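In what comes next, subunit A is part of two complexes: it sits with subunit B in the first one and with subunit C in the second one.
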Partner chain A sequence: MKTLAKTKIEAVLNQLAEKAEVYVPLKQGAISSFGVWSAAVSGENLALESLNTLMSPKSVVLPQTEKMYTFATSGQQAEVKEVCADSGERVIFGARACDTKSLNVLDEVFLTRGYEDAFYKARREKLTVIGRACAQPGPHCFCSSMGVDPLEPAGADVILYDAGEEFGWEPVTERGQALTNQLNEFLGDRELPKPSAAEFRTRVDIEGLPEKLNRMFAHPVWEELAAKCMNCGICTYLCPGCYCFDIQVKTRGQEGYRFRCWDSCMYPEYTQMAGGHNPRQSKHERFRNRFLHKLEFIHERYGTLGCTGCGRCVVMCPNGVNIVSIINRLREVDVDVR
Partner chain B sequence: MSDNCNCQNPLVPSIVKVVDIIEETPDVKTFYVTSDNGIPFKVMPGQLAMVSLLPVGEGMFSVSWQADDHLEFAIRRVGVLTDALHDIEIGQEIGVRGPYGNGFPVEKCEGKNMLFIGGGIGLAPLRSLIKYCFKHREKYGSIKILYGARSVADLCFKQELFEEWPAQPDTQVFTTIDRPEEGWNGKVAFVPTYLEEISPSPENTIAVICGPPIMIKLVLQSMEKMGFSDEQVITTLEMRMKCGIGKCGRCNIGSEYICLDGPVFDLVQLKKLPPEW
Partner chain C sequence: MSELTARVREIAKRLLDNQQVDVVFGWEKGTEPFSSTPVFIRRPEEAERLVFDEFCIHNLSTYLLDYRDGSEKIGIFVKGCDSRGVVRLLEDEQFTRERLYIIGIGCPGMKDPVAHALAASGLDGNQDTAGLSAKCRQCVHPNPVLYDELLGVQQEPHLRGERFAEVKQIEAMSTAERYQFFADIFSRCIRCYACRNICVACNCRRCIFEETRPQWVGRETNLADNMMYHVIRTMHVAGRCVECGECERACPVGIPLMLLNRKLIKDVNQLFGPYEAALSLEEGAKPPLSRYRTDDPDNFL
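Moving on to the complex of A and B:
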């Protein structure tokens, strides 16, 4: 097995950064996120050891805002200029299984069912993912319950196994092998034990859940569950599998650009129509849509769940809305109550 | 940014010119758009397109007709974008992208009697199928059109409604307004009430419905009362949309997206989905 001594991580990142934009877990004050590794970043900010970053790495393939095209008008004339999809090489270093798995969810949404999203595709095709096996889940982690193997990050090109002073380095795709070949001078070669199965404090049973939810749209339990939610939307921004976006315009004089940006199904404006009609007018309708989307609708449409058990929403919800308790409550209620 | 960008981003519109504007009602105008190379894309009846006034915004509209040399959009003034669109003049260049959605099942309707039930601006999407049926008249049986609006002034497509369509073979047009009005000798009733009075036979008939959600919901109840089966009833829905290609998330009803899987659903499909529209 290839190995990477932890003392050589910065050298490897520097090497990778010569040819690609390298995203690493970084701690900056109270915020941690996948940021670009550069000469300006200190190794002290690297957060490889701590659990999930606050912000997921979805922004590497789906930036928070992204210019799509510019336009210019003159009298009645108008002209549009496409902004070229960004197609530089990118590497994500140190993503855990919950986050790599949610890239698979995003792939389904953006690359299948009739249309390919040009911007997402350009970024995704040039992306190499170095995943990191996760043997010590946090108290709110529940990825294993959502069908994610924390030791084998699905969708990663290389998997790192923590073995104390060094990482085991295992390429699992051709892309990962190619990257490994480029880094040979930094890598060692000896057998290391792979970490054994992680112990989870948080577990939830989802067997049959999407099917049960299909019969629960009109269930009164949704109002009860939504009572604590303030529709602040933080869960949707932090969720690695939430992908909804808005398209907006910025106009200055005769020119401007149209951009897209993350949106949230928690906000009434999300579905508010100009004529006044809003199919999800109330808080509990928006709440219900979010959880059904994660646990039923995405499953029906794409055959995978929209939640990968990263626990970010559980930790950061200001009012203690907890998807695990919600699933437990949904399992426990009688489906025939309407 | 590059002039020879080849990304073919489906979210980028092409530029077309507004070549005619018809004032249908005090708050509905029909815009004819085309480009130097002809129509920007072909649409089937019931399909959608995203229309943008570049500095203001973009919105999804049904294409109310694809003529040989232009597309027609009948647009009601209800918000920021449509307000601005109502202020433009002939010659204005705007953006369009599409076509989006499934459109009406024109082949499945062949050989059937067609019953159209519309309310307000809901006649705009129906019009694309009505005109298609007239264009291919021999393929369809009898045609009945029931249309209602708040007042006489609010009736869209008046020339077609009162002159062109009633003159077509084996065609009946029923028009109604919500409240009595001086000078109007026609029917005064809400659409579902009038529908039950007319009580069209379900035999070999397909009913196509579009209007405000509340009208659709009441008409669906009437259809059931009159003995129409779920397979015979088709509606076209509307929801806020941004991308039009099933990615941005907001136009879902359950696991279906109106922009991609709709906007046209028959009642069999619709009954499998949550009633959230």
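Moving on to the complex of A and C:
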């Protein structure tokens, strides 16, 4: 097995950063996120010993705000000046299985079923993911319940195994192998034990849940569950698998640009229609959409769940909305109660 | 079970048994020792779910907005700041006093469930878990200002030191320093609108940030649009903020929103005061910026 001594991590990141934007888990004061590694970033801010970052790495492939194209108008005519699809090489270093699995969910949404999102594709095709086996889940983690193997980050090109002073380094795709060849001078070669299966404090049973939810759209339990939700966007924006965006425009004089930006099904404006009608008037309808989307609709369309059990929403909801408790309640209620 | 929890359950049960109210707003325990969460009790037998402990930090008055178009009678447990939230809604004519049965609790100061969850979670972020929550360390009005029934004991303000000390630090900065300070804090805003949604003073039916025709504030997450959002949000609650600190508590990226609110509290007091928002319910009373007087100062125009 290839190995990477932890003392050589910064050298490896520097090497990678010569050819690519390298995203690493960074402590950034009040927050943490996958930020770009550069000469200006101190190694002390590298958060490889922490469980995870507050903000997920989804912004590497789906930035919160992304310029799409610029245009100029002249009288009744408009002309596209430049399409801004960004196809630079990128590397994500040290993502956990919950976050890499979410990238797979985003891939399903943006690249399959007969529609390819050119902006997502441009970013995704040049992305290499160095995943990281996760042997010590936190108290709010429940990825194993959502069909994620924390020790084998799905969608990673290379998997790192923590073995104290060094990482085991295992390429699992051709892209990962190519990266390994590039970095050979930094890597050692010896057998290291792989971490064994992790103990999860938080577990939840989702067997049969998507099918049950298929019959629960009009169930009164949604009002009960939504009562303490205040319809802010924290959960959707911290979620590694929420991908909704809006397309908007900014103009100045005869010129302007179109951009897309994250949107949230928690916001009334999300479903506001041009004629003034809003099909999701109340907060429980918006709340219901979020959970049905994650646990039923995505499953129905792509055969996978929209939640990968990272636990960020559970930790950060100011009002204690907890998807694990919600799933438990959804399982327990009688589907035929009206 | 603490004595206060017992009293809270007893009162909720009584109010529901007597059909004096249709629903009681209180707190229940979540999945962890540090998680207390809002709960809405409709049946007397469910009153047993209620608790009152050191993690009941949420300002329940904001939830009244979910009920403003109904006619249901509501029993609500309020701490000092929450009771000012109720006054806010009554003054803003978003609710009527007749629909409320208010049970005040002298507040010993709360701990922050999210900060504790974050500290336990292993996620890197703002893990301020020492003693009282950040918002309660700034509290000057821990005792309910409006109630039908009162529990607990009279509390002293939890603030140690000077209320506007941090505001004065920012005021003392040079323009360039101050711009940098604001650029740093606003550049990390993710526009989740938690600060707006959790705010009892943000009670407009249609929020300016949701307007699309015209769109007053751009949706890009960049410094210019983020600053525009925050300037409008802060100015909108000027003279109306009840200092409950929920905006700052809810912010997932640690923006010191109360610093902005407190600057406006200080300014409104200086310019139009003496004024302290929502300290009592008086017929026809309006915050300074919601009324016009010919002797209003205008030297800042």
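The criterion applied here is as follows: the second predicted complex is superposed on the first by the 336 of 338 C-alpha atoms of A that agree within 3 Å, B and C clash if a C-alpha of one lies under 4 Å from a C-alpha of the other, contacts with A are read in each partner's own complex, and residues count from 1 in each chain.
In this text, a residue touches a chain if its C-beta (ideal position, glycine included) is under 8 Å from a C-beta of that chain, and two chains touch if they have at least 3 such contacts.
Computed from a predicted structure; not experimentally measured.
Asks: Report clash or fit for the pair subunit B and subunit C bound to subunit A in the combined superposed model.
Replies: With subunit A as the common anchor, subunit B and subunit C both fit in the superposed model.
Asks: Go through the superposed model and pick first if A:R215 touches only subunit B, second if only subunit C, both, or neither.
Replies: After superposing on A, A:R215 lies clear of both subunit B and subunit C.
Asks: Is A:Y267 contacted by the first partner subunit B, the second partner subunit C, both or neither?
Replies: Only subunit C is touched by A:Y267; subunit B is not.
Asks: Which of the two partners, first being subunit B and second being subunit C, lies in contact with A:C244: first, second, both, or neither?
Replies: first
Asks: Draw lines from the C-alpha centre of subunit A to the C-alpha centres of subunit B and subunit C: what angle do they form, to the nearest 10°?
Replies: An angle of 90 degrees, rounded.
Asks: Name the contact category of A:V83: first (subunit B only), second (subunit C only), both, or neither.
Replies: After superposing on A, A:V83 lies in contact with subunit B but is clear of subunit C.
Asks: For A:K19, select first, second, both or neither according to whether it touches subunit B, subunit C, the two together, or no partner.
Replies: Touch status of A:K19: no partner.
Asks: Which partner does A:R203 contact after superposing on A: first (subunit B), second (subunit C), both, neither?
Replies: So A:R203 meets neither subunit B nor subunit C here.
Asks: For A:R329, using the defined touch cut-off, is the partner it touches subunit B, subunit C, both, or neither? Pick first, second, both or neither.
Replies: The answer is neither, since A:R329 touches no partner chain.
Asks: State the minimum pairwise Cα distance, in Å, between subunit B and subunit C in the overlaid complexes.
Replies: The answer is 5 Å, the least C-alpha separation in the overlay.
Asks: So subunit A touches subunit B in one structure and subunit C in the other; where do those two contact lists coincide?
Replies: 246, 248, 272
Asks: Which subunit C residues qualify as touching subunit A in the complex?
Replies: 30-32, 35-40, 58, 62-63, 66, 113-114, 117-118, 120-126, 188, 190-194, 196-198, 210, 212, 215, 218-222, 246, 249-250, 252-254
Asks: Any idea which subunit A residues touch subunit B in the complex?
Replies: 68-71, 73, 76-85, 109-110, 113-119, 122, 217-218, 243-249, 251, 254, 256, 258, 260, 263, 265, 270-277, 279-280, 285, 289, 292-293, 296-298, 300-301
Asks: Under the touch definition given earlier, write down the residues of subunit A that touch subunit C in their complex.
Replies: Per the stated touch rule, the residues are 25, 27-32, 47, 50-55, 64-65, 138-140, 227-228, 230-234, 236-238, 246, 248, 250, 259, 261-262, 264, 267-269, 272, 283, 311-312, 314-322, 324-325.
Asks: Within the complex, which stretch of subunit B touches subunit A?
Replies: The contact residues of subunit B facing subunit A are 1-3, 5, 7-15, 52, 54-59, 76, 78-82, 88-89, 91-95, 212-213, 238-240, 242-243, 245-250, 252-255, 260, 274-277.
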